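In order of appearance the chains are A, B, C and D, and numbering begins at 1 in each one.
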Amino acid sequence: TIIHLFKEIFKAGLELQEKDHSKELLVSRKRKQEDTIININGDLFGDGLPHFVCGPCAVESYEQVAQVAEQIKNKGLKIIRGGAFKPRTSPYDFQGLGFEGLEILKKVADEYGLAVVSEIVSPADMEKAAEYLDVIQIGARNMQNFEILKAAGELNKPIILKRGMSATVSDFINAAEYINSKGNGQIILCERGIRTYETSTRNTLDITAVPILKQETHLPVMVDVTHSTGRRDLLIPAAKAAIAIGADGIMAEVHPDPAVALSDAQQQMDFAQFDQFMEQLQIK
Amino acid sequence: TIIHLFKEIFKAGLELQEKDHSKELLVSRKRKQEDTIININGDLFGDGLPHFVCGPCAVESYEQVAQVAEQIKNKGLKIIRGGAFKPRTSPYDFQGLGFEGLEILKKVADEYGLAVVSEIVSPADMEKAAEYLDVIQIGARNMQNFEILKAAGELNKPIILKRGMSATVSDFINAAEYINSKGNGQIILCERGIRTYETSTRNTLDITAVPILKQETHLPVMVDVTHSTGRRDLLIPAAKAAIAIGADGIMAEVHPDPAVALSDAQQQMDFAQFDQFMEQLQIK
Amino acid sequence: TIIHLFKEIFKAGLELQEKDHSKELLVSRKRKQEDTIININGDLFGDGLPHFVCGPCAVESYEQVAQVAEQIKNKGLKIIRGGAFKPRTSPYDFQGLGFEGLEILKKVADEYGLAVVSEIVSPADMEKAAEYLDVIQIGARNMQNFEILKAAGELNKPIILKRGMSATVSDFINAAEYINSKGNGQIILCERGIRTYETSTRNTLDITAVPILKQETHLPVMVDVTHSTGRRDLLIPAAKAAIAIGADGIMAEVHPDPAVALSDAQQQMDFAQFDQFMEQLQIK
Amino acid sequence: TIIHLFKEIFKAGLELQEKDHSKELLVSRKRKQEDTIININGDLFGDGLPHFVCGPCAVESYEQVAQVAEQIKNKGLKIIRGGAFKPRTSPYDFQGLGFEGLEILKKVADEYGLAVVSEIVSPADMEKAAEYLDVIQIGARNMQNFEILKAAGELNKPIILKRGMSATVSDFINAAEYINSKGNGQIILCERGIRTYETSTRNTLDITAVPILKQETHLPVMVDVTHSTGRRDLLIPAAKAAIAIGADGIMAEVHPDPAVALSDAQQQMDFAQFDQFMEQLQIK
């Protein structure tokens, strides 16, 4: 047992080293005490108030995006999102309009004075895409696509990094560190639900990941209420919970006519629902 | 393919039957539109306001329970909880004081004018236990112990039914139906976190189960913030999220001196933390 | 950091204590090196060969059980299983014939010279049930129903203990310890699949749990291929894998006419499939 | 209810369409009845016999790889694997030698007459890497990195596609379809464990995925026993189960001196263990 004790002392030493290592992560709260605040078109993510990133799942046409942009503008919001490169489970599903979609997004955003968020799925497209976009989104399926993380780290643009479907909080923080380690510290973490046995929702919203991520890192944390729940009827309650627990932002999908949407028809809000959504979440 | 179609028609017929069946569940919102309201010592679970069920993980002594009761009383709360029969993973862990624990609980509750909640783990003890308790709790490990559910269904006491560690929402509703089918409709559902791969919390709080359960059933729904998170530092944010999403009640563990608690030392609040907890959750 | 080191030494001490504690478990391989061998009607579970426990999901009638018994007998097998007390998710599903079912089982078993296995779901029934049964099964939903574990521990009969749906290997071993701690060491552990996100099987068969359980404990370990897969077409491959990895027994459901079975119709074998099953698993 | 029935008929029509769609997948068994057989250096994956892909987790030096190659050669095996581009959770862990690693692998493989398997993590590297490699591996983290799948689809080289950590069987099949839809049908599916709540193994080996994948597709299916278990002591039992259930190949990691390995030290076999591994799996 004296041998055991020495082993344990050795192990303790190793653990101490590990802890020091974690202290050294650039994204860690231990490394930087103050909250990182990220300015997107005047919305300050990390200032203690919730900010909204809304828009259609996929960019389908100029008209579609413009209609949504008008609704967003009217509500006093400053950011629009839309998918141009769509990572889809089947190769035969609609894959998005690609750069044509980004052009539409940029045109509309300029007309309405909005900032644009869109997902990029290939490291090779990153630099060109950055010309169209104010914020680059990295999707759940690419959270451990380290090549894309490194490419994002070389940009000077805010990044929204979504949590992988079965990523631990620790995996998630390390993925953010990949971006930061290449020089780009403008990272917003986005909880979007994890895969569990439960089937009443598309994923299980891991709501307590929000305060944990805010404790462990100095980065803003947002919640994607659309992909976590996959149910239009849960968007408002999920967003309320997210705001109450301290989320810095909410992402939600809006479409002029969800029934004919080319992707994720069942989970996008129409404009009447969007009105109700923003009304009920208004901070008095 | 015409054969296929007929098969599908047959299947559709079966599904219709099943749907009708689900309509018939006594706990279903389809069966009864209005919210069930359960009165526990004047606290109306289901009235739209959050109510609190606090107390030590395990009953250890008269003094310990009395100290907690005083704190609860001073905050204007009306209910105390405490474990007398403790379901523990190992047979060598502290198993609770049993009926002696229930006696302590009852004595203290009477002195302080509080209602008492405690878990019962054996159908045979149910009736005797009901003499000491205002509310019977059925724990997560016993959510599909159908003998205990049936025994609870024969009482005329409110039941707090906790969700099993890997129970689906549908399993959970059916477990409640076991109780109701025996005649007792005074059931409060309690989300307490589900088992997932994530290890930064003890369980993963499935926060959207709250609005789903309230949609599917007419029963009050509460959230156990202690067992879902397993972390004292997450109790306040988790409770805020639970209240924001519409929970009818919050369960949380409080101990005069958590460091010496005989069970779950790391997740119980001390009195200073309890003050802060109630202060921050106060509805203005 | 010297303080840290002392803390770690203290922690190491605690961990050492815990390890010693695990050494002391009665079911642990550290406590008893040799394999426990359990004799059921001449089948020696733990002797290195696979043994079979087959029979209908639920006892429906004397004729049904007798037909299955004849098939079992003809194949040279020595044990029959059948459910008399059926733990069912919904209170409106067939709950089994109860003691009448046990009587049928015993009558048939005596006529055919077979041993009988059946699940008991209430501690109060345990003693009476033991008069009818050669082996008591404790089901997945009751793996942490500690009252039933303790009641099983007071019998002098072999117990088949099924793993809970989301029980860790460590939870499972502790559940067995509950039985052993009350004096009954004749325990066969039964892996029956765990709950995961995957939906192509009813549960996910955790096949490596078999060698882990055999390493950690001295108890025989069997695999329920019916409930783990929930698919008749996977019974043979799953059983082959189980035998290859060292399982001491296989449990599988057989019914004279699965299409009209009162429970689990889709996963039971008919007699032709049962012939094929035993043929393909024959050890040459 | 007549309206309901028509709705269901409509739904049934939709489902039939979906089923037809699934029939059309290039990788589907419905599309092509016969097994696809893939020839790697004379090893025919899909011929009904198990084949072996062994080698170090990461390429560290010429000497290290050559030592392993000699062992592999001596056992009559024909393939070596080694990681040159290592996807690591933390940006500060050893990331592999990159193309220098591929050069070492190719040099050694040529000397020993072995085929080489290595993982590629960037679509941009795919073509260049194909010059060094006989088989391209796509790792679990990149299973839904659709850019890399498409790039792999444009090569004329066998691809080993690993299942994502929380991919369903259906997601996995669709990922293979991405490759096949671009023209490359030489795909070997590799089960490598899925993420669950169980912590006694690194992942949970989903052994029944093997027969399901072989039923649903015409592709060879292998099992990575190293990453699924993460435990050296489980490699032999896991491999036995995989072979028994019909796997076409086994992947396992071997290192001259695991204790000093730059990655995954605890799960690689040393040479003595490798001898024992091959001996025990020898098909008589």
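Criterion: contacts are C-beta pairs under 8 Å (C-beta built on N, C-alpha and C of every residue); 3 or more make two chains touch, one makes a residue touch a chain.
The model shown is predicted, which means the values in this text are computed figures rather than measured ones.
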item: Contact-richer chain pair (by C-beta pairs counted) among B-C and C-D; value: C-D
item: Whole-Å gap separating chain B and chain D, where each centre is the average of the chain's CA atoms; value: 45
item: Chain C and chain D, separation of their C-alpha mean positions in angstrom; value: 33
item: Interface hub residues of chain C, defined as touching at least two other chains; value: 166, 170, 195-197, 199
item: Graph class of chain-chain contacts, one of line, ring, star, complete, other; value: complete
item: Touching residues (chain side chain D, partner chain C) in the complex; value: 166, 168-170, 194, 196-201, 204-212, 215, 228-229, 233-234, 237-238, 240-246
item: Contacting residues of chain A [partner chain C, same complex]; value: 1, 4-5, 8-9, 11-13, 15-16, 195-197, 199
item: Chain D residues touching chain A - in the complex, by the definition given at the top; value: 21, 87-92, 121-124, 141-142, 144-147, 165-166, 170-171, 174, 177-178, 181, 195
